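I have a structure I would like to understand better, so I am pasting it below and will then ask my questions one at a time.
All chains are identified by letter, namely A, B, C and D, in their written order; residue positions are counted from 1 within each chain.
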Amino acid sequence: MAARVQSAPFDLGAELAGFGAGSGAVVSFSGLVRDEGGRLVALEIEHYPGMTEKALAAYGERAAQRFGLDDWRILHRHGRLAVGEPIMMVATAARHRAAAFQAAEYLMDWLKSRAPFWKREIGPDGPGAWVAARAEDEDALSRW
Amino acid sequence: MAARVQSAPFDLGAELAGFGAGSGAVVSFSGLVRDEGGRLVALEIEHYPGMTEKALAAYGERAAQRFGLDDWRILHRHGRLAVGEPIMMVATAARHRAAAFQAAEYLMDWLKSRAPFWKREIGPDGPGAWVAARAEDEDALSRW
Amino acid sequence: MALDVLYFAWLRERIGQPRERIETQAATVRELVAELSAMDEWHAAALADLSAVRVAIDQELAELDAPLAGAREVAFFPPMTGG
Amino acid sequence: MALDVLYFAWLRERIGQPRERIETQAATVRELVAELSAMDEWHAAALADLSAVRVAIDQELAELDAPLAGAREVAFFPPMTGG
C-alpha cells in the first residue's frame, strides 16, 4: 500500500518482486515513453509537489476499498525521461483476477486525468509542445 | 510473442525485463497459489502435453490480432506448486493502455476456461479435491 | 479405425489409466462414448454425466456430435481450470 | 487575505513565474481569476480560456465557484496528462 513520486528510473521487475505474496491475482500496468515515430527524444514531466503524493495515495486507498485489494502500489516519475524509459507503474493484488484488473484500470483512469502531472515533448531540437489531454482519457473516468 | 509451458518456477520481474520495449503500455497478470485459509499446502496442475502449447499460442495470436498488440507472452506451469508460488502469467504490450488491458483480460478468460489445465488441491494430509470450474469464469468468455 | 483415447484429471482416475488404444467404427464422439461406456463400469461411471465432460479431437476442442473421420487422438477431460 | 498562487505547465510559462503571493478579498476562485486577469496581459492571456484551466485549493481539485475562505494556496494548471 504505497504511492511514490520520484525522478529516478525504476525497475518494474524489482518493484513487483514479492508484491502480492499471499494473494491470488496480481495485475501490473506500466507506461513507457514512446518515440512517436522519431518525433521525440524524451518527455519532460512536471508535477505539483505535495499535491501529487496526496492525490496518488488517495486514489490508491479508494481503489483498495472499492475493489477489496490485498495490496496496491503506485509509482510515478517526473523530470526528463528518455524514449523507452518507464514513466510510471501501478500494481494491484486481489483474491480474484476481476478485482485486480478493475482496480488497475480504475487507478490508471484516475492517474491519467486527475493526478497533477503535465507532459511536454522534447524533440531533437529541444522542448516542443505540451501534450494535450485526450478526450478518451476524460471519458474513461465516467465508467467508474 | 511466445507461449511457454514448464514445471519450473519463474520470476515475474525477470520475465518482464525488456518486455514491451518500444511500446507505450505494458500490462501483466500473474496468478499465485493461495493457501485458502490453511486448507492448501500446494496445487498439483495436470495438463495435456501437445495440446496445451498449441492452445496457448493460438490464444496469444488471436489476442495480438484482435487488439493490435506490439508483443505478448504467456507462461503456465504444471506439476506441484507450493502455496505462494506463481502459477502462470500473461503480459501484453500495446500503444495505448485500453488495448493492453483488454488483451490481458481476454487471454486470462480464455486460459481459465479453455486451456487444458486441471488443478487439484494438496492439503496437509495429501491430495484432495479437483478444483471445480467456476461459473463466473465460463460467463466471462461471453463478453468477447 | 485405430484411435488413441486419452483421459485427464478425475476422468483419468476413474477410468484407471491415462490412455488406451482402441479399434472403433464410431462415426461421432457420442458414438465413441457409448462404446467406451459399454466396456466396463469404470468407463461407464466416468462418462455418465456428459455435461461435466469436455472433448478434444486431435488436440482441438470439439463437440459431442463432431465426426471422428480421420481422427487419430480423442481426449476426454473435465472443464478446464487453468490460469 | 494572503494567498500563494501557483501555476503549472503552460500557464506557468505564459504568466512567467511558478508562484506569487497576493493579497485578495476574492470570495471564490472565479473572483480571484478576475483579479489576476486584471493585473497584466500575461495573466489575462493565461486565464482567458477557463475551459482549459483546472484549479486546486490547498492541493485538492476544486471548481471555479468554490469558496476561498480559509484557503492558503490556490493552483492553476492545464488538464492533467499523467500516466
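Please note the rule applied: a residue touches a chain if its C-beta (ideal position, glycine included) is under 8 Å from a C-beta of that chain, and two chains touch if they have at least 3 such contacts.
Small disclaimer: the values here were computed from a predicted structure and weren't measured.
Of all chains, the one whose mean C-alpha position sits at the greatest distance from that of chain B is D.
With centres defined as mean CA coordinates, chain C is found 26 Å away from chain B.
Remark: chain B and chain D have CA centroids separated by 48 Å (rounded to whole angstrom). Between the CA-based centres of chain C and chain D the separation comes to 72 Å, rounded to the whole angstrom. With touch defined as above, residues shared between interfaces to two or more other chains in chain B number as follows: 31, 97, 108.
Within chain D, the positions touching two or more other chains are listed as 83.
Pairs of chains meeting the touch criterion are A-B, A-D, B-C. Contacts from chain C toward chain B in the complex involve residues 6, 8-10, 12, 56, 59-61, 75, 77-83. Residues of chain B touching chain C in their complex: 31, 46, 48, 50-51, 54, 76, 87-88, 108, 111-120, 130-133, 137-138. On chain A, the positions that touch chain B within their shared complex are 11-17, 20-35, 84, 95, 97-98, 100-101, 104-105, 108, 136, 140.
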